[in-house]
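Right after this note come the structures.
Next come two complexes, and both contain chain A; in the first it sits with chain B, in the second with chain C.
Take a look at the complex of A and B:
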């Protein structure tokens, strides 16, 4: 393709990114963020897929088959654990205002400046080659696309590096406060992730369905080539189990710890909850972008094999060779996206780290010449921080370009990336240990990291220098200085592992060993102890108020203010102090005059924006702080002498950490502001106290929950009591009501007898008999009620004896025979005398039978002769008894209620003509006391069948005074 | 003036028996209904002067009987006394709302009842 066209498209695409980033920044300033959603978050994480994924995966697949999948499988497998690990890192970083992996490790281990510098060094050395790789990818893809010579690549690489430097400085290093997120960059990166995905899918579809007849066709054709068929099996790929494991572990750590991943996943995270979606979206992205890798690789080998093409360039060469130059151009833009997004984010992360951990710790040690010049000096430092970051961007890209120009060109894409992964993997012990183990110390982390890095260099980097001819081959074969156990590929004689696994094994061996060993051997310092507590227990502390301040209050307040003013500028300082005053109204006792800056002492920021000052001042006079300070009546001279509250020092330190990194911020506060650090014993004491507080808090929570549960239970019990009370009322009302009816007859008849002494004998006798019958009825009713109460209160007991059912039934029938005769009811009994004997209470069983029988008799429909049958038969471990009638039947709705006491009365004004309404309720109680069941089958006008099932074996509970569970 | 006619409505035979004795002895004509349906039928046929009405009955309850009676203009002169075991204030109120002239809770005094009956019939 014509060079100019490609250049025009490249720059056009980059210009589009500039536009997108600019738009995002504008929207962000207007508080209408385009970035604050989980989809952009997940897409920006896909910066993980670099040009290496784009070009290199195909290259690796062409030689090693499925081997390329390893580094995408790792992050996918790890993703579910993000909610634990990554969320904790995010929480810590937000609370501590940490903005890079170097900040994180340095802050965890006592805010060590040395450790921060070491981490930064490892990152730069480990990652610069990786950036170089991306530049190489851009350059060589440009060369392939334009069909130019290798010589043209250097120029393209230089242009690419330059343009990206400009973009990074414009959108990545705008403000000195690194905690500020870069919405423009994030959106641009997310867009690039989308572009590279779509371009790669389009190409994949073209190869699979355009050049071939679908997946099956590609694989069939590939299977016909012996060299390719070999790649189909895991064994044939030449990837050993150890190598697979290494790839998985390396990629798992890389997706957390690579400076660019840390930047997009932690620093640029808007909301922890976005993780929930990203946890499956990101693995999905990795899956989708890898679907077509094998078909493209096989397609490349099949169509281009033997023509001298590098497999890494198949992605471009395939569409070019088949005359689809526009598709090639699109693919190239996808590759450009992958490379440029990686370069931008990685460079931002590295530049902040370099400025915060290499330069600033040196500068902040230089004291201000005169106290009154302090603020200028701080402001100067602030400007240096920003400028140094911009320079660092240029430096990183220059280094990367230099590496590319020097050694990088000969390297295949994948290897450099993996070596880079292995460098970053050296952070894993310190980071995971720092998150979950309070015992890890600065000494252990520093020396472990140093050793791990050294071994990494020896085993993984040295061999790569042999290829380009910088080192003699004898180093590999005979060992350094001719010592056999110092061979980079087989350290201490460890042979048989592949290059990568070998390097990772030994580097982690020394790293972890020293980290754990030294941490256990020497106790941590006060600050390390405090930071360990802050990191490991981050989820247990809800607010800053619970955090232990690491300072003792002897710093004069004006000094702290001057410090903040210098670095943050007046507006930001006032904002921050106001926020602090709102949170801790008791910690600040200065007036609003002191909060704002004296206008006679203009700061550099003030000069640049003089109009802002007045508006700020106006705002301030109506701020809550002002109201608060006017409410207190402390005299002003006392205020100026006031020392800053330790909490304010902690707060200021955090603010500065966002700008300078945690180590520099601590140094600055300690040396310049003259604040004393808290002593070891104090920290230990406070930690213990705070642990006790946390414990007490937890206890309180627990007790509160218990109380709540108790309250709920009480309320439930009360509600139940109320229901019971109401039922009792109803029962009482119904009972008295039932008693009134016979009582009415008795009273009326008695009065009649008394008032009419001249009654005929026959009539008198009739009335007297009636009174007697009604009195009996009354007695019966009362004993029924008492019976029922006995059953309900659980006081009723059974006197069980072995009974012949046939005999009891006969007796019961005898008892109701009179009633049956009166009603003209025919009674048929079919109960065999050979039934097994039943352990039951004879009187109670009689009560049940008589009740059922008399109910059956009374159920008869007037004008139709009643027929009743009593049947019994043995069932499994029980006897079944059935009383069947041909009466008026019971509707389905009533079948559920008839066993309730006073069911008839519950219909308020309606009443069945016969019965007390207690019989069936008592019957049921008796049956249940026998551990049996009673139920009815019936339909209106169809008669009814009452079934009683009584167990043949006496349940232990009813037979023995103690339940069996008390027996040994 | 002819002999007043009284309808006794109750599903308890013994109560009906004692009331019938009392009424006949006082020289009233007596009709008997053993449930709500019978009561309504009797009332539509005969212009009774007084009804002694039970509330709780198997089919149509006393309140309904009373309400239906009050809707018949031809029976405007018929007096109603409720005799009921339901003695709570709400029940009594319901009886008067249904159009009763008197509500007497069971068990009642026969002498008092007869006096009230006489009063109601005498006022005619």
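Take a look at the complex of A and C:
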């Protein structure tokens, strides 16, 4: 294709990106964000698919079959765990205002500046070749498309790098505050993800369905070629299990830790809930973009094999060779978008890291010469931070270009990428350990990382430096310095692994070993402990306010203000301090006056950025526990009008961390404001205090529970009383009712007698007899009620004498014999006279027996001869007495109620009651007074057996009065 | 979620992967490719479904 056309399209495409980014920034300023939705978030994550994925996957597939897919499968496998891991990282970063992987590791391990610099160094060294790779991809695809010479490639590469540098500086490094989101960049990246996906799918469909007759056809034709048929299996391509696993693990760590992934997934995250959609959208994207890789690879080999094409260029060469140059152009644009999005995001991330971790920690150590000059120095530093970031963008791209021009041209796409992955994978132990293990220390992380990085360099980078004019080949075969165990490909003689697994194994071996070992060997410092707590328990503490402040002493407030003013500018500083004052009126009461003096009416622009203000407010939600803690750390009376509250210092540190990185922010605040770092004793003191608070809290909880229990018990007692009260009412009602019945008949008969003096003698006698009987019944009833009352009030006492049961039974039987004869009931007694004597109240026992016997007689079924048996036998320490009848029986439900007062009366209102309904109730009371038991076994129409168990020995308690009850 | 990730990590690794690592083809597509792609798709589906269910 004509060069000019390709250049014009490239230019046009990049201009489109500028336009999109600009539009997004405008919309963002107008608070109509185009970016705040999960789809853009997931698409922007697809910056993972670089030009390497675009061109290199096909190249790798053409040589190694399915092996390429591991790099995309890894993130897919990790994605379900994002909700646990990535969300935690996002939460930590938002709370701590961290903006890069270097920030994260440095902040976790005691805000160490050295560790931040080390991480930055590893990132730059590991990732710059990767960026170079993208530049190379752009350049070589340009060459393939235009059919030009290799010489033209350098020009294209330089041109691309330059344009992207401008874009990155314009949209990526806008403000000194690194926590600011780059909506323009994110939208551009999301768009690029869409472009590369569509372009690749279009090409894939063209190859599969245009050049061939569908998937089956491609594979059929490939199967005919032995070299290709081998690629159908992993065995055939020589991909071992270890290599496969290594690819998965590497890509998993890369998708989490690569600077660009960290940038889009964590820093540019708008809402944690977007993660939910991204968790399946992003893997789906990876799956879809990979579906056509194998058909394109096979198609390329089948159609272009033997024509000297590099497999990496099949994507472009296939449509070109078949005369579809427009499709080739589209594919080229897809590749361009893949490369440029990666370059832009990676460069932004790297530039912030370099400025915050390599430059700023040095600059903030430079003390201001005079206190008056301090403020100017801060403002100057703020400007330096921004400028240095822009310079870093240029530097990174220049380095990448230099690498490309110097060494990069010979390397295949995929290898450089994997080596870069392995470098970033060195962060994994420190990051995961930092998130889930409180014991990890700065020393362990630093040395582990250093060792891992060293081994990475030795095993994975050194071999690439071998070649004519560089390192001798003997390094590989004989080891460094002729030492056999120092061979980069088989360190310590470990042979038989592919180079990647080998490198990853050894680097992680030393990395993890040193990290864990040293962490366990030396205890962490106070600051490290605090940070460990903040990171690991991030979901437990909900706000800044719950943190222990970590600052003490009195820092002049104007100094803190000056510091913030220098870095954040007047508007932002006032905004932030106002948010703080709103949250902690006690901490900043005097400054709020100052604030109102200083700040003018809120301008429209100020209102346009309230999102930041609200996030600040959210972070400042307080808890009473904390206020207590800080109040005791610095008692109010120490707060002179000039000193800043420790909470303000923490807040300021966090604000600055968002700009300069955690380590620099801490250094700055410590050195310039003159605040002392909190000592170990103070931490212990604070911890003790919170321990005491917790203890007090626990006590309160306990008391509350006790009160609750008491209340419950009272309520229960009250309910019981209510029931008893009701029972008493019922009892009274029943008793009066029972009394009225005989009274009524007595009165009626008496009236008849009085009104009719000429009544016949026989009739008169009958009436008089009836009156007598009813009066008797009345008397009996009253004495029963009195009896019962006696029992229930506990006034009844027993006169125990040793009794022969047989004798008592015989007497009782005699008493009811008349009644039995009347009813035609047969009475059988089987009580041996040799039973041990029973200590009991004779009269009461008699009452029990007569009651049971007369009940049994009355239970007889009319028309059937009643049979009653009285049995007794000794049981352990007791005598058992049984009165058995063949009467109408008692249903199971009634068996529980028959011992209640007036049960019969309540139950048989329809018929004339045959007894008072108090007999069994009294019987039960008597038996219980003897410490005995009474129960019944029966079924309807099956007769009934009443058992009475009476103890032979009188327990000690027997002397005690009968337990009082609530009953009347 | 962690369980799903773990399960599929086992499904898509040796030695289980080796079971599908032979030259046979289903509907013209090599078994291995089909297995990996379909398992992957299943994983995405399950993740999507689980995430929905939590909402």
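Definition applied: the second predicted complex is superposed on the first by the 630 of 968 C-alpha atoms of A that agree within 3 Å, B and C clash if a C-alpha of one lies under 4 Å from a C-alpha of the other, contacts with A are read in each partner's own complex, and residues count from 1 in each chain.
Assume a residue touches a chain if its C-beta (ideal position, glycine included) is under 8 Å from a C-beta of that chain, and two chains touch if they have at least 3 such contacts.
For clarity, every value in this text was computed on a predicted model and none was experimentally measured.
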| item | value |
| --- | --- |
| Chain B versus chain C as contact partner of A:656, first or second or both or neither | neither |
| Which superposed partner A:359 touches (first chain B, second chain C, both, neither) | neither |
| Which superposed partner A:344 touches (first chain B, second chain C, both, neither) | neither |
| Contacts of A:232 with chain B and chain C, given as first, second, both or neither | second |
| First, second, both or neither for A:217, with chain B first and chain C second | second |
| Partner chain in contact with A:752 - chain B first, chain C second, else both or neither | first |
| Chain A: partner with more touched residues, chain B or chain C | C |
| Partner chain in contact with A:294 - chain B first, chain C second, else both or neither | second |
| Chain B versus chain C as contact partner of A:744, first or second or both or neither | first |
| Chain B and chain C contact sites that coincide on chain A, given as residue numbers | none |
| Complex contacts: residues of chain B adjacent to chain A | 11-12, 14-15, 17-19, 21-22, 25, 55-59, 61-63, 85-88, 105-111 |
| Residue ranges of chain A in contact with chain C within the complex | 66, 69, 73, 76-81, 83-84, 214-217, 219-220, 223, 229, 232-236, 241, 244-245, 248, 276-277, 279-280, 283-284, 287, 291, 294 |
| Partner chain B, residues of chain A touching it in the complex | 733, 737-738, 740-741, 743-749, 751-752, 755-756, 767, 770, 773-774, 909-913 |
| List of chain C residues in touch with chain A within their complex | 1-2, 4-5, 8-9, 12-15, 17-18, 21-23, 25, 27-30, 32-33, 36-37, 40-41, 43-48, 50-51, 54-55 |
